[in-house]
Amino acid sequence: MSIELIANLSYILAAVLFIFGLKMLGHPNTARQGNALSALGMFIAVVAGLTAESIVSFEYIALGVVLGAVFGALASRLVAMTSMPEMVALFNGSGGTASLFVGWGTLYGSEINTFTAFTVVLAILIGGITCTGSIIAYAKLSESLGPLPFPSGAKQFPGQRIVNSLLLLAMVFSCIQFCIEPSSESYWLFAVLGLALVLGIMAVIPIGGADMPVVISLLNSYSGIAACAAGFAINNNILIVAGSLVGAAGIILTNIMCKAMNRSLLNVLFSGFGAAKQGKTIEGDVKPISVEDAYYILEAATNVCFVPGYGMAAAQAQHVVKELGQILEANGAEVSYAIHPVAGRMPGHMNVLLAEADVPYEQLVEMEEINPRIENVDVAIVIGANDVVNPSAREEDSPMYGMPIINVDQARTVFVLKRSMASGFAGVDNPLFFGENTRMLFGDAKESISGVIGEFG
Amino acid sequence: MQIVVPAETEENERRVALTPESVKKLIHLGFSVKVEDGIGAKAGYSNEEYSKAGGIISMERDTLLKEGDIIARVKKPDIEEISKLKAGSLHISYLDPYNEIDIVDKMSQQGVTAISMEMIPRTTRAQKMDALSSQANLAGYVMVILAAEKIDRILPMMMTPAGTISPARVFVIGAGVAGLQAIATAKRLGARVDAFDTRPIVAEQVRSVGGKFLEIDLGETGQTKDGYAKELSPEQLDKQRQGMKEIISQSDIVITTAQVFGRPAPRIVTKDMVEAMKPGGVIVDMAVESGGNVEGSIPGKTTEISGVSIIGVSNLPAVVAKDASQMYSSNVYNLISEYWSAEEKMLNLSLEDDILAGCIVTHGGDLVNEAIKNLRN
Amino acid sequence: MEIVFLTFILVLSIFLGFELISKVPATLHTPLMSGANAISGITLAGAFLAAGSQEAHIATMLGTAAVTFATVNVVGGYLVTDRMLSMFKSKNEAGK
Amino acid sequence: MQIVVPAETEENERRVALTPESVKKLIHLGFSVKVEDGIGAKAGYSNEEYSKAGGIISMERDTLLKEGDIIARVKKPDIEEISKLKAGSLHISYLDPYNEIDIVDKMSQQGVTAISMEMIPRTTRAQKMDALSSQANLAGYVMVILAAEKIDRILPMMMTPAGTISPARVFVIGAGVAGLQAIATAKRLGARVDAFDTRPIVAEQVRSVGGKFLEIDLGETGQTKDGYAKELSPEQLDKQRQGMKEIISQSDIVITTAQVFGRPAPRIVTKDMVEAMKPGGVIVDMAVESGGNVEGSIPGKTTEISGVSIIGVSNLPAVVAKDASQMYSSNVYNLISEYWSAEEKMLNLSLEDDILAGCIVTHGGDLVNEAIKNLRN
Amino acid sequence: MSIELIANLSYILAAVLFIFGLKMLGHPNTARQGNALSALGMFIAVVAGLTAESIVSFEYIALGVVLGAVFGALASRLVAMTSMPEMVALFNGSGGTASLFVGWGTLYGSEINTFTAFTVVLAILIGGITCTGSIIAYAKLSESLGPLPFPSGAKQFPGQRIVNSLLLLAMVFSCIQFCIEPSSESYWLFAVLGLALVLGIMAVIPIGGADMPVVISLLNSYSGIAACAAGFAINNNILIVAGSLVGAAGIILTNIMCKAMNRSLLNVLFSGFGAAKQGKTIEGDVKPISVEDAYYILEAATNVCFVPGYGMAAAQAQHVVKELGQILEANGAEVSYAIHPVAGRMPGHMNVLLAEADVPYEQLVEMEEINPRIENVDVAIVIGANDVVNPSAREEDSPMYGMPIINVDQARTVFVLKRSMASGFAGVDNPLFFGENTRMLFGDAKESISGVIGEFG
Amino acid sequence: MEIVFLTFILVLSIFLGFELISKVPATLHTPLMSGANAISGITLAGAFLAAGSQEAHIATMLGTAAVTFATVNVVGGYLVTDRMLSMFKSKNEAGK
């Protein structure tokens, strides 16, 4: 068998290891082995890569490897546990940069057709964005960007939208120009390169620090795509496979992270183009949520408070509520049940039901007790309650004015489980449903909760 | 401002209008509180507890009544005692103003502002002062406990080596607050519970506490805007009796709570229906004082008709006097504190407020309550 | 024809990437991200070509830079992921 | 073969040894059954039901006793009546053979085969005949109902607009069959239940019915091979009292079921412990007849010590006489049918059978029971 | 763009459609669209296939297509609803046969290297097995094989194991011989062909009719592999992709089906070689089951009976038991709870718990009531019960002799949920745990049930 | 090199095939099997080559047979799957 064949078979083996590695990384018990497997795959692929016939000198390679290995090893050892995400951002950036260089380097070899040019430009473009984007993300996370004109919070400078759009246009134009006449000396190449770097900065600058993990995950996905593009440029299987695996898996992971943070991927993606602000400023908007998305948020929550009302009784959902409570506790969350005195249709209605479901008395809290600490609640799950969480009771002109309520609207996120937008016993409309941080989980309370439990399986 | 709590005069009234805990809270608000000697004895609250809470114990009932700016009690006052009250004082108690015309008149003559606790509107905002609810709730629980104690069998199902004991069947008529709590309590004890009410919307509520709702087609029924049931026509009542006959004959325990606000209770269970029950069965009639849902029920007594006991305890919440007092007392406290202005050190009793408009019967020498006025005309 | 094969491979890999990641517990988000990131350092295999083929000086330079950066990504990525996961594990065990 | 059921002679015994249902089943097996007139009245079974089941109603008690091949009853017989029994007949009832030496002697003199229902072994196979279990089970339920009726508050927690009522605290001492059922019933009603037993293995069982187990370190305790508790040493008993003092003082209801088979019940709750309870509290002493777990409890009476009521109902299962009779009757039926050979039309009473060896006290003129014999020597 | 490129891009599109189609086929709500998508993909692939340059004449193609379409359409229309599985077997067989012919046909074209020869032989081999195997499966299912010497039940003729092993040896030998000197005239080719056909028969004959669905699914997977091999033989992407998709998906599906029928894939696979019998005859074997496998069986069950005992109480599993009961009901199963009179540690123990969990009284059945119909129970789930289901109570020498028990051992499948092999209150060993149809689900009852519920999510 | 690509494609497809099928409800087992079976009729695309290239008479014959059989598989497979699924659906709807 030729060396090349062996190398290629090794690539296949490496791809298989990557696949297993990624799969295992997603499960708590196997994650560490998964990482090891994937590292093994990388080792195999790298060694196989070294056997390529066209490699004639190894000095520079050795130089690069040693430099990189030393820096990578040191950085990963020395970084503080708390700064891991920043570090990942930097590593990610260097991956993107590498793809950029690989793409660029391709131009100096054999002659180049349009397709290759296209892939090269893609590698440079995406690699460039990843490079500077990651640096900004790093800076924002470690807040070393303080003295710069760009604050670490989410801010747009005036006219940013226009600038970004112009950048984008210029980029497309340059790419086309380059592809039409590809050459390593083409100025369009440098235009693309420069624009990509700027675009990376501009895209990440307006995103708030809290969203940074999502951005890094997205850039991670980009760097995969860049590797893939580089793979096309140099006709290398393993780059394509590994790159597109990471690209696709990264998108999914980004989406999952968005959901867990109750963000929309689109908003995060295009915040540089003003979409985010738009989405947030529309008032009186009801935001329904799916059972699956509710799962992602709950899975990441560490403090959950159930607020049951008559709807829980009507749906006879007490047993599943208790079950969900237990699952959340097992998942590490603190769980409580806040009982409003008039919840239900008879005094003590909720108590009867929760006692039936065997919710320990210790987890029941009164309204007066939960309200002062409701800001610390990650998710308040309002189960078929309505009047007792109606913030309009705080407004003078409301017929319920003066009745104390459970201030779920002040929790970080509120899920409201009910079947429709109908009002409750008192017949008063509920502004909670339109709250910024409110998500409506429509449907019979029992079915909704069962659904969420199912997602946890 | 002086709040006084005279002892209850009615024989079987074990509750007390203010518990030491509420006394303490009222004093904290700036009131001074005097209670009659031994007032909480039957409800499990001692004189010491009142003293400790800051209340003053007084032996002289007459001075108490005379001094009080606010008089808090559970049951309506004796008519003779009204003349001892200070003009302009606030009298808080059950009053039964639909029927106790004389008392109401006397109150307005005396210039007393009389709040009738049963007239507190059933709105969400007023719930914390709503004694009808709080006491009915306890009554619902008590009825089941009394029935369970009386009956010669157990309520839950048990599959045992000595055979299977089927669950007792409980039938609850009227699923208001008391009825719902009765259903829930019987269900807790493992009984199989059916219930009926003329207001169709409660069907869902019955199911929400674990009961089965009996469907009887009575034609047009409904409820007033306050959520109270409308009175049935005689034909409807007859239809209802027919519809319930079978289920009553199969039931071990029947609990009736049917009431129509301001009117005598409907007579729902007739003698032949009682006789159709199994011997050993038990009926509890919560409406016994306002006329009785059950033929043959006697206030304050347990009677027996062909082996079926009919429990007619007339003051059910008083059976759990301690908790009942606590709740009634909270209601009174919430009422007072809601309208108390701490800066001005005075009560803000405006008849524009919808709660007060509902529950103040007499004020400044006049009968001011619309509902009662309408009734008299 | 090669492009066809490569595209086939691309499409299949993308689908596979989508399918591989399903529900990931929140605690694993960062490690998974980091682990995936390390894989994207596969560019290294391609960078060798650029750095070692000595076609043009500038290409070699670019290649060497690429090798350096890619190695940082690979070595740092795997090590940091492992560090995170090991911590995660010991925390779990301590909790028990 | 003739089975007879004489009426119970004890005043407060409302149960009956065979219900019409069991009579019917026995007749189906090939027996003939005679019952004394009005025998089931107090348990809710009429003469007609017995006749319908195929039983013969007889007015003459003496002939009944004389005729019977098998005599079934609940309580031990009067000693005078034993002489009326046929020699070789089988007498099934509670017998209390550890204490009722005279009755046992008389039985053996008379040549009667006497089965003591409380001596049925507590094995899995014998469960269906085990009247101690079936009756203790009901007693457990009854104790909670009696206490709930007696106490002046409610058992469940309620968070209401009129304040939160905390759940009543119930403490159950002795978690045998009765204790477990008491825990389960109190839990059902929403109380917060703690329990204690000297046998450590029941901790899990307590939790399995929703109670909390109180851990007290008594050193070496344990159980006999039949699963009964061993008697504690005086020091251990003292430790136990110390350990329970605090929880009793916090409890609203205390239920004691501690018994040591064949010995007087341990005195666990002393007067000062009772006095430490809140006034209005309730204690139910199931062991009142065998000496009482609670100082001051009186069989058949409810006494009050500094505001705390001590309920000493001596025949708890009889409170739910109907179900209790049904279960006892099933036990008796299961016992008879287990050893009845339909072909030979005779009972197969072999002393080799481990159940019979356990429960037959006298046979063929001799005292045959090993346990009793050991006790006498 | 060249026609070839277009054809190839169409293949990619077709592959994507197949992927979506397969994915959607696995979910009840999308299955039908999934099938349609996949059909569309097939249409595209077939049309693209027709554009191949080397195709010069279309008559035979047209002939074959018309013949096949008419037969296929008629068969699928006319078959009775109840005979669907047989029909699928036949279709599957024809697919395998087609691969066989394609592989064979390759030999008559260009000259052949060893690798191609290997793939050809693979296509013939697997295609052949699929062909006759499917026919036998069809025959067994439709019981038209009655008068033949092979009965429809699971039977082995004497010495079958030896015969099969010899066949296999001969097969390997023939294959090697052919690959060494590949030619369309090689006799080894016919040897392979013949042996494959015989092997297909021999492999399926010994498998019982009840296992046939599993066998068909497996043969289905084979036919995918055959198509894949044919794809290698003629260097065709789409054959490889579609074939290996079906091959892999088929294996998974087969495994799932095995689990749902409480069979082991290995046993079914090698029953022709005697493995099945062996596995079954070992006495006193405890068969633990995983939560996931329990799920598969429960998902397919239509009559489930819970038998609770003291362990349910100890684990406080009543709420999750009720929850599982409801899920099973929603899934179309009939659910009951059989209460033994002495279950638990006090009379009525189970009643208290089940009432707390709000199990309707109607679903509680007494021992006397369930025993006569226990044979109709697909799965009896014994939850922490032991003495009350101990079949030794039916044996004279047992200390429990004479106590009536719930005869769960007579149900089709029994799950026993407990933490260990420990005995119960009575201290008597329980032969139920070693029963043929018993599966032990070890662990705390509540956790086990929660796990199963999770699988249903 | 082609073989390498093909093998890559094979490996990826196999993984994808494994990942695609997860929990399938029992009622869908047969339709899914049948639907997958229809896909394996893809041999048809290959059979055309054999039947249409007129290289040898015997190859044409074999090819024609292959086309026939494959078409049976494809046409019959899809139709029968659809029939099963339609029945399944209407049953569901009737149940509601």
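To keep things simple, chains are lettered A, B, C, D, E and F as they appear, and every chain counts its residues starting from 1.
Everything that follows uses one rule, which is that contacts are C-beta pairs under 8 Å (C-beta built on N, C-alpha and C of every residue); 3 or more make two chains touch, one makes a residue touch a chain.
Keep in mind the model is a prediction, meaning the values are calculated, not measured.
Q: Shared touching chains for chain B and chain C?
A: A, E
Q: If you check the contacts of chain A and chain F, which chains show up for both?
A: Chains touching both chain A and chain F: C, E.
Q: Over half of interface residue numbers shared between chain A and chain E means same, under half means different, so which is it?
A: Mostly same residues: over half of the interface numbers shared.
Q: Please tell me the distance, in whole Å, between the geometric centres of chain C and chain F computed from their C-alpha atoms.
A: Taking the average C-alpha coordinate of chain C and of chain F, the gap between them is 35 Å.
Q: Whole-Å distance, chain A centre to chain D centre, using C-alpha means?
A: Roughly 66 Å, centre to centre.
Q: Centroid of chain C to centroid of chain D, CA atoms only: how many Å?
A: Measuring from centre to centre gives 74 Å for this pair.
Q: Going by the touch rule set out above, which residues of chain E reach two or more other chains?
A: 19, 237, 241, 316, 341-342, 347-348, 352, 355-356, 358, 455
Q: Could you say which residues in chain F touch two or more other chains, in rising order?
A: As it turns out, chain F has residues touching two or more other chains at 1-2, 5-6, 8-9, 12-13, 15-16, 20.
Q: Mark out which residues of chain B touch at least two other chains, giving numbers and ranges.
A: 127-128, 133-134, 137, 156, 158, 160-163, 165, 188, 190, 210
Q: What chain-chain pairs meet the touch criterion?
A: A-B, A-C, A-D, A-E, A-F, B-D, B-E, C-E, C-F, D-E, E-F
Q: How about chain B: which of its residues touch chain E in the complex?
A: Residues 156-165, 167, 190, 192, 210 of chain B touch chain E in their complex.
Q: Give every residue of chain F touching chain A within the complex, in rising order.
A: Where chain F meets chain A, its residues are 1, 4-5, 7-8, 11-12, 15.
Q: Any idea which chain F residues touch chain E in the complex?
A: 2-3, 6, 9-10, 13-18, 20-56, 58-60, 62-89, 92
Q: Can you list the residues on chain D that touch chain B in the complex?
A: Per the stated touch rule, the residues are 14, 43-44, 46, 127-128, 130-131, 133-134, 137-138, 141-142, 145-146, 148-149, 151-154, 156, 158, 160-163, 165, 185, 188-190, 279-280, 307, 319-323, 326-328, 330-331, 334.
Q: Under the touch definition given earlier, write down the residues of chain A that touch chain C in their complex.
A: 18-19, 21-23, 25-28, 31-32, 34-36, 38-39, 41-42, 45-46, 48-50, 52, 54-58, 60-61, 63-65, 67-69, 71-73, 75-77, 79, 81, 84-85, 87-88, 90-92, 94-95, 97-102, 104-109, 115, 184, 213, 216-217, 220, 223-224, 226-228, 230-232, 234-253, 256-257, 260, 295, 299-300, 331, 455
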